[in-house]
Amino acid sequence: MPYVNIQITKEGGPDGKGATTEQKKKLIAGVTDLLKNELGKSPATTHVVISEVDLENWGVGGLAVEDYRRSQLS
Amino acid sequence: MPYVNIQITKEGGPDGKGATTEQKKKLIAGVTDLLKNELGKSPATTHVVISEVDLENWGVGGLAVEDYRRSQLS
Amino acid sequence: MPYVNIQITKEGGPDGKGATTEQKKKLIAGVTDLLKNELGKSPATTHVVISEVDLENWGVGGLAVEDYRRSQLS
Amino acid sequence: MPYVNIQITKEGGPDGKGATTEQKKKLIAGVTDLLKNELGKSPATTHVVISEVDLENWGVGGLAVEDYRRSQLS
Amino acid sequence: MPYVNIQITKEGGPDGKGATTEQKKKLIAGVTDLLKNELGKSPATTHVVISEVDLENWGVGGLAVEDYRRSQLS
Amino acid sequence: MPYVNIQITKEGGPDGKGATTEQKKKLIAGVTDLLKNELGKSPATTHVVISEVDLENWGVGGLAVEDYRRSQLS
């Protein structure tokens, strides 16, 4: 009975608008395999929910993500 | 002091675009009643948040939902 | 494909230590029925997770729950 | 290693469409400072995710938010 | 900037009390690698939180997990 | 209508077992004030839930927290 929530910033991908459907399928398959292989969890009851978060809604180091990245460069 | 998060795939409803405002009101009322009746929780401090998830962001059985459903039919 | 997380303060119940196993079963059944009846969601893919939170870890009105309740009485 | 999820109704702000980018930056900075000052948590590993919730997806008192507010006025 | 929450029922493992420290390390490493390989996400800002849920707090099919499993056998 | 979930590793504090009741009260008060001052959110409907996570259940950089810290020292 696993439930996995993957939160990622909505960015990157071929058009800069975030992960593609194919990439999401690989995430879902990969996490489900991992839980099966490491813990013996059944894929039939493994749910994966991907949450895409706008850049301005994610902060780290006390800064919004884009400001944080600029601060790391300088 | 309950907080309930209901995550559902965004689909169905009269136009295929997901639960209607009326359906959401019934969910909110129903969950709040349940917590009051079974646990004596006060509705005044019961918060319910409904999260609608795009089909391609939900996986089960190692597959995105739509692929999973197709696999169940065959 | 619903996933429901019910967060409640750990209190009450017959011994003051929180909801009993029977009460939890009623919550699980009740929420699952609600999603089936209002939205047509399949119970087979409806997961419910109950999270019990210690009183000192829940705040409302800027106060920990027990302080909040005392403030409401006076 | 803190992770903070701030869920707010999407409303208010200068155009009525919710918190501005500047307001979100202040939330991120403020929560990060709080965790540093009160608990000594390092900002470098403090992540903050803001989730904006449509009004019809938030319920309290058994009602959707807007119905709840009307009920409080009468 | 990924944050991953893995919720699993607390069971199994060598003593029946759930995943071991070693198994958790493999989950953390595996999810982090997956996000790096599929989406190019930096491990340095990938956080993984594992939540272990008591069996009586998890429901599926309208039943607590153990009742659900018994219902599947008959 | 804010709901805030603060997830922190369970460590530190006067006895090394995590944040004290007093520290939690300051977190609750501080986050509630922040939401009131920056966004005008009412404290009466601001709920804060603090989740304490065992060190072995939190990962960053592909490692459990304690391994991660050792790796940063070397």
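First chain written, first letter: the chains are A, B, C, D, E and F, and each begins at residue 1.
Here is the rule we use: a residue touches a chain if its C-beta (ideal position, glycine included) is under 8 Å from a C-beta of that chain, and two chains touch if they have at least 3 such contacts.
Just so it is clear, the model here is predicted, and its values are computed rather than measured.
Matched by residue number, over half of the contacts between the chains of B-F recur in the interface of D-E, chosen from D-E, A-D or B-D.
One simple way to say how far apart two chains are is to compare their mean CA positions; for chain A and chain F this gives 21 Å. With centres defined as mean CA coordinates, chain F is found 16 Å away from chain D. The residues of chain A that reach two or more other chains are 1, 3, 7, 27, 31, 45, 47, 49, 53, 58, 60, listed in rising order. If you sketch which chains touch which, the pattern fits none of the simple shapes: not an open path, not a single ring, not a star, and not all-to-all.
Inter-chain contacts occur between A-B, A-C, A-D, A-E, B-C, B-D, B-F, C-E, C-F, D-E, D-F, E-F. Against chain F, the residues of chain D that register as touching in their complex are 1-9, 12, 19, 23, 26-27, 30-31, 34-35, 38-41, 45, 53, 58, 60, 65. On the side of chain B, the complex with chain D involves touching residues 21, 24-25, 27-29, 31-33, 43-44, 46-52.
Residues of chain B that touch chain A in their complex: 7, 53, 56-64, 67.
Note for the complex: chain F touches chain B at residues 1, 3, 45, 47, 49.
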